[in-house]
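Shared between the two complexes below is chain A, which has chain B as its partner in the first and chain C in the second.
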Partner chain A sequence: MKRFGTFSSVVAGLTTLGLSSAAFAAGAIDGAVQKQATNWTAIVMFVAFVLATLGITYWAASKTKSAKDFYAAGGGITGFQNGLAIAGDYMSAASFLGIAGLVFTAGFDGLIYSIGFLVGWPVILFLVAERLRNLGKYTFADVASYRLQQGPIRSLAASGTLVVVLLYLIAQMVGAGKLIQLLFGLDYGIAVGLVGVLMVGYVMFGGMLATTWVQIIKAVLLLSGATFMALMVMTHYGFSMEAMFKHATEVHSKGIKLMQPGGLVSDPVDAISLGLALMFGTAGLPHILMRFFTVSDAKEARKSVFYATGFIGYFYILTFIIGFGAIVLVLNHPEFMAADGKGIMGGSNMAAIHLAKAVGGDLFLGFISAVAFATILAVVSGLTLSGASAVSHDLYASVWRKGRASDADEIRVSKITTMVLGVLAIILGIAFEKQNIAFMVGLAFSIAASANFPVLFMSMFWKGLTTKGAFYGGFAGLISASVLVILGPTIWKDVMGHADALFPYKNPAIFSMTIAFAITYIVSKIDGSQTAKDEMEAFEAQYIRSQTGLGAEGASEH
Partner chain B sequence: MSKDFDFSVTPFSHLSSAERGKLSAAVDIAYFKTNDTPLKPGQALDHLMLVIKGLLAEKNGDELVTVHGQGDLFGASALINDTKSLSCEVQEEALVYLIPRQMMLDLCRSNSAFEAFFTSSLSERLAARANAESARGMASFMVAKVGQAYLHPPLFVPGSCTLRDAAVLMKKEKATSLLVTAADGRVGVLSGSDMRDHAIIQGKPLETPVESCATYGTITVDQDEFLFNAQVLMTRYNIRRLPVLRDGNIIGVLELIDLLGYMSSHSHLVAVQVDRAQTLDELRVASEALGPLLQGLHGSGVKIRFIAEMVTDLSRKIQRKLFEMLIPPELAGKCCLMVMGSEGRGEQIAKTDQDNALIIADDIDPDSVRDLCRQYTEAMISFGYPPCSGNMMVSNPEWSKTESQFRDDIYHWMLTPGEKAFLNLAAFIDGEAVAGDPLLLYRLRSYLFQRLTDNQGFLSHFARPVNSFDTPIGFFHQLVMDKDHKGEIDIKKGGIFPIVHGVRALALEKHLTCTSTFSRIEALGQEGIFDTDFAANLVEAFQFLMEIRLQGRLSKGQLSGEGADNFVRADDLSKFQQDALKDSLLLVKQFKQLLTHHFKLAAF
Partner chain C sequence: MTNQIHERIKANPKFQELCAKRSSFAWTLSAVMLIAYYAFVAVIAFFPASLGTPVSEGAITSVGIYVGLALIILSFVLTGIYVQKANGEFDALNKEILDEVK
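Right, the complex of A and B next:
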């Protein structure tokens, strides 16, 4: 590791806190809840980088607020910028920490998540991006209620959105909580609480920041950080993958099985189910759909997916290398191992963080932690905004007040929702401490693929869809997916502590998606009401609009 | 010590001299060092503090409420409402007047204007300011002399003239009264109501000499007398007209209606001149009269909204007349002259840049009217309306097209949104038909509305420029000066543009056909987008911002459209105006938040 000593020595020269790494190892004496002694160098770097990131963001945001000409902001965000922003939104801590962690524990099979997450993008490109932009809608609820009835569709959409947001939030909370716990040596519960409070504060007071710029900056930082880590790992093996894999199979307990499929998801039903969820879930993620709203036209929407796919694909290659890098550079190195000998400190989710220290010293550890943390804050704020908007706009204003709520009322409800979501995220974040965060995100994708995607897809492509069909089908997907997740091994066994799961598969999407599509189809077919006929009639207008971007007459008003 | 108390600061300017005496006697001066806490949490407030110098931070619990600087009052609302949780910290060593709590309460009880300052909402405070301004306008009205008002030429009739002849003469001369010279040399006034009383109610024959019907002992007024006194006389004697004397001779009659309409009569005159104009030269002369009229109106205390309405009416009248002069009648019915931008919204307060366009019926070749369009623009320039910097004028073939060509333009603006498209669209949405066939414009507008129905995405992009500029009000509610213009604030970027454009975007979403920002706000209130208070506050704030922009221009001598900028010097504003400006900008900020939520601008 001599080659990587430069970073540490710079740090040692700059600060007088060179003892950090010794303190780091010595402090891990608390057993299962691994409290750490304080690593001051990393903490100082962490705080400095978080502040710098926020500073850059603020600067970028203020740039957009001092335009030269009145209408300079017209025309939206370019495809390239938006592509980076999408990548920033999508490359959450879950992808970074979680996938690296999965590769670290399961080797080759960790790729199933990377590939699943990536394959979701062509689906978006070919099925929804352009149409979504042409329809000019902000959320999945807005699209689905274009020709269907507002009340039932918005209740469904809001419920689906909330469940997805919550599951996704849990994953981010676990990631951030672990990170803070590891870095600051706090109790996990306190760490999660702290993150929750920061998150609510960020959304409440930073919500006006230019979201696109936040995501772009974040994406660039994360991509550069991950690139540096992967490069460092590769230089270690003279850029030979083979040498790295060889070394990995030697040190890992799985041995050669590390390079074989089936290490992570052994059951074929589970594997296909997971694949389906990851592929189609992306198109049902509320905070991703929003991003097609910010470009000027369908062409830019397509371009942004093109760029985003490129960035995301590149990023997943990096995480794969990082995961293997962690096996060779972190595993079995005493300074990173938990005191009780069960795996590394902070669990497998922290593999990438440890690797940062291994390749770049405390300075780089601080940097990567800060980037991961800023990433989590930004993703969480996007999620919370979608959740708050689902409650305030869909449930409160459209369903409860029947469209008669003023914007001021909506803003109030949205603030309250943010608080409630924050509290829920803290409680659930504590409950799900032991779960791999990429897996938790996978669950969020299952729900999105089962509840939101079928309705979104059919409302855009199938003339015969009626309100009743969408309502019953959507809820069937949502409920079946949620119930199967609860009855499955993850929650029934791991979180609730029962001996055996009632439902054998971890990933329910293959069942719940089928249920959702089937029920939507059947109910729509047997719905012979006049409204159903009108809704089918209205498909034509919606279709023209989704192809051309301009309204045919008589579209619904709300 | 307290002799120097500054009573020109509101609300103390409302106090009577007796009250001022009492206050001066009770007031004390205190000095605090930085970080002193004159008021700790939980401590009862027994003095109101008026900051002479320094900075006081007002806190509620741990939360900073605001920072008070020179001329600000600390603890007013707490004092009246008896709040306990307030605390005060000195941020910069301070000198303050201490006004005893009991004194304040006594003053509030005895002086309702004083009390109103502490209890009123933003809109009430702004309205109070507007009243104060119009009182100042009254003052300039008060120094005007009778001779400056419009005087009806005196119509003398001998006392022997019969009632019928007198009536015939009045009708012929379009007079409302006659002066009657009695046989004994007295002069009386015979008005329409005198005739009613004698001829109809008392049933006197129509041959009765007017001598016996006129009112004598007539009150007269000298031409050098203040108009104000003339009004007092009319009110006291309950009469509607006064003969005006010069050197003891009657030179005319001042009518109450002319006195009250002293200002607006000018506008009426211009209107009449425009109507009568037969040639371009005559029309130019008429349009030149607009300048002095505006000069007189600005600073007259008339609300800016009404000045704008009047200027708009006159400008449109001039343009309509010019259109009629230039465009042959057979063509006039086949095209539509529209004004756009601020002119379309009816918010111009001077002769601003021309923003106009000509929509031509499809069966006319647009090239055939090019020459007329050029003449039109040249004539307007000669009338003192500067050319549009963006070349949005009928002389530009881009803005003189057939209905279908405009329809294509609108389609492209929507299809390829961008800076130029939004600029054009914004101008077009504010367009109003001035002359010709208004149907041409209405058809295009309904096409636009129809195409944009339910297109949330487009509307959000369109609304997005409202957040292009920071509103110059800081975290501590202090005014933030422009970086490139020291001590000045860009009132357009900071306040007027966000209001105008935000309201325009909402109006586009709701398919409102009215174009003025004021009427759009009112209509949006009815649509339930704003609640009543917010709508009222927004109107007041917008009006106020326009007023101080005008004031800034007047002080720089930039009344004409050319070279006028949007900067206001903070030092030129009175304490009261600064407060009102802060209140208005805070409201703009709130409005921007509302728009950000409504149009989902946080996603960008």
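Right, the complex of A and C next:
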């Protein structure tokens, strides 16, 4: 039993950290990690990936002339390509390593998480995707501010975007640093710097076109690698899930409990709140929403979500098999166990990486390590582009220059912002190295669900929405989600070390979303100004465009 | 000019038909997804043991595994159903509406 002490403590840790933190485990690797011997196979494969993507960036740079090219790849991405790119954005290193690790420690609970991440997609398709495509140009703020005042609404949307992007970026940078230290044997600082420099390169020179292709390549590599691993595991058991589960329950300390819901989802309020954050947070993530403007029309936007849902669902089935594969092929195999006998080397989030070696030797380990690194690069590039467009398109061009900025000016500001975000990401990545950052992606989802989503949703569905209502409601969601997370068990108790949390739940979405919607509604209702009346009048034109696509942005010529 | 086009679209019964059909279809599918997912969450929160039951006498695999996989497949199938109908029937209707105001 002693050997498994660490597993139960991991599970206990995950439970206290909050569901969100466990799943996103953006930090994939928590706590101090041991630098490993330099892994040359992995480095060679990674260099090959970087060279290929730099080649693409060079090609993309030659095609990126206008603002539309820069932000939306000219609107010429097909539904299938965009579906892969969306899946690429969504299948971060955290969800690959984190969910496989969660299945490895807790079995069925890992599946509960994957499902939470997936079910938002159909709802995005049914309610948001085509209206978003028909109304927007480059950012979701285009849609939210369509018939409202540009200044306040774009400032709100840009705040929501930047907060979400920065939280996500920090989590990815710290995760990247630790992962690379483990996989490649590079220094943490060098690893973080490398990620920062490469992402700035892709985004600055290649814009959305390069970012999209980096995502697509990475998604294909990750899906192929994961498929190979799952197949190798299944061949061990003659493709019988039952046989695999039987073996796993025999060797794992949890035994048959692997097949049952465990302690991860125990409190009903927290469980529902997490479900809300996952489902509607996805529909409020700025870097995901931005992807809908890269396709030519609503038809392609719908196809994107169909393909993305398929790829993401398939990927989660693979990670589930990979997690179980690690239980049978990694756990208790001396070469993968930590020196002190406490669990596997590098912690449970390394389960998928060790499994790569177990099924495919050093060569495949190198491949998967390179893919994990590529995954982080692709995700941070998408985030950076989204943050940069919030500053250049929403704040600079629309609020500051009141729509009178030229394309060239806008792109220039975007590139400067990309540089600034890159530097900021490196500094924050280094500053947060030793911090517990597991809550950050969970917080990002809660904020996306509580600030971005309500404003976007109400602007498309409710005629009575006014600028004041959206502005106060959006900020109420942003602030309440942040404050409740800080006062909740995740930060107040676990990070700050207080005995008891002031707010009992780990996931605030059920409260902060209610606050956002209620304030948006009440303030809009009591807003009797002439502007408010005009804004309600303007709903009809917006509605016709959102339904028919009349006047919507098309694809550019080239 | 734009206003005139808007008025004509608004007055077109096909436009009313498109909006009504598409929106009821979208909300129905959303409801199916939301109910299926939150029922799953509720069972986990209130009756966790039921999902842990083996699928058959002496089996290891639990009911929960199949329910989970079914939810993943349901998400994909529902998006497929919507795209099929929206990109076919609804888009054809939409095209008729737009052609009439050209």
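FYI, the second predicted complex is superposed on the first by the 388 of 558 C-alpha atoms of A that agree within 3 Å, B and C clash if a C-alpha of one lies under 4 Å from a C-alpha of the other, contacts with A are read in each partner's own complex, and residues count from 1 in each chain.
In the analysis below, a contact is a pair of C-beta atoms (placed from the backbone, for glycine too) under 8 Å apart; a residue touches a chain by one contact, two chains touch by 3 or more.
Everything quoted here is computed from the prediction, not taken from an experiment.
By the touch criterion stated above, A:Gly549 is placed in contact with chain B and with chain C alike. Within the superposed three-chain model, A:Lys137 lies in touch with chain B and out of touch with chain C [touch as defined at top]. When the two structures are aligned on the shared chain, A:Asn349 is found in touch with neither chain B nor chain C.
Residue contacts after overlaying the shared chain place A:Ser512 against neither chain B nor chain C.
Contacts of A:Leu125 after superposition on the shared chain: chain C is touched, whereas chain B is not. When the two complexes are overlaid on their common chain A, residue A:Asp69 makes contact with chain B while staying clear of chain C.
In the superposition on chain A, chain A positions 549-551 are in contact with chain B in one complex as well as with chain C in the other. On the chain B side of its complex with chain A, the touching residues are 411, 414-423, 426, 450-462, 464-465, 467-470, 493, 497, 501, 528-531, 534, 593-594, 596-598, 600, 602-604. Interface of chain A with chain C (complex): residues 108, 111-112, 114-116, 118-119, 121-123, 125-127, 130, 241-242, 245-246, 249, 256-257, 259-261, 265-268, 271-272, 275, 279, 298-299, 302-303, 305-306, 309-310, 313, 316-317, 540-541, 544, 547-551. The part of chain A that touches chain B in the complex is made up of residues 62, 64-67, 69-77, 133, 135-138, 142, 146, 207-208, 210-212, 290-291, 293-294, 296-297, 385, 389, 404, 406-408, 410-411, 414, 549-551, 553, 555-558.
By the touch criterion given at the top, residues 2, 5-6, 9-10, 15, 18-19, 22, 26-27, 29-30, 33-34, 37-38, 40-42, 44-46, 48-49, 51-52, 54, 59-62, 64-65, 68-69, 71-73, 75-76, 78-80, 82-83, 86-87, 91, 94, 97-98 of chain C touch chain A in their complex.
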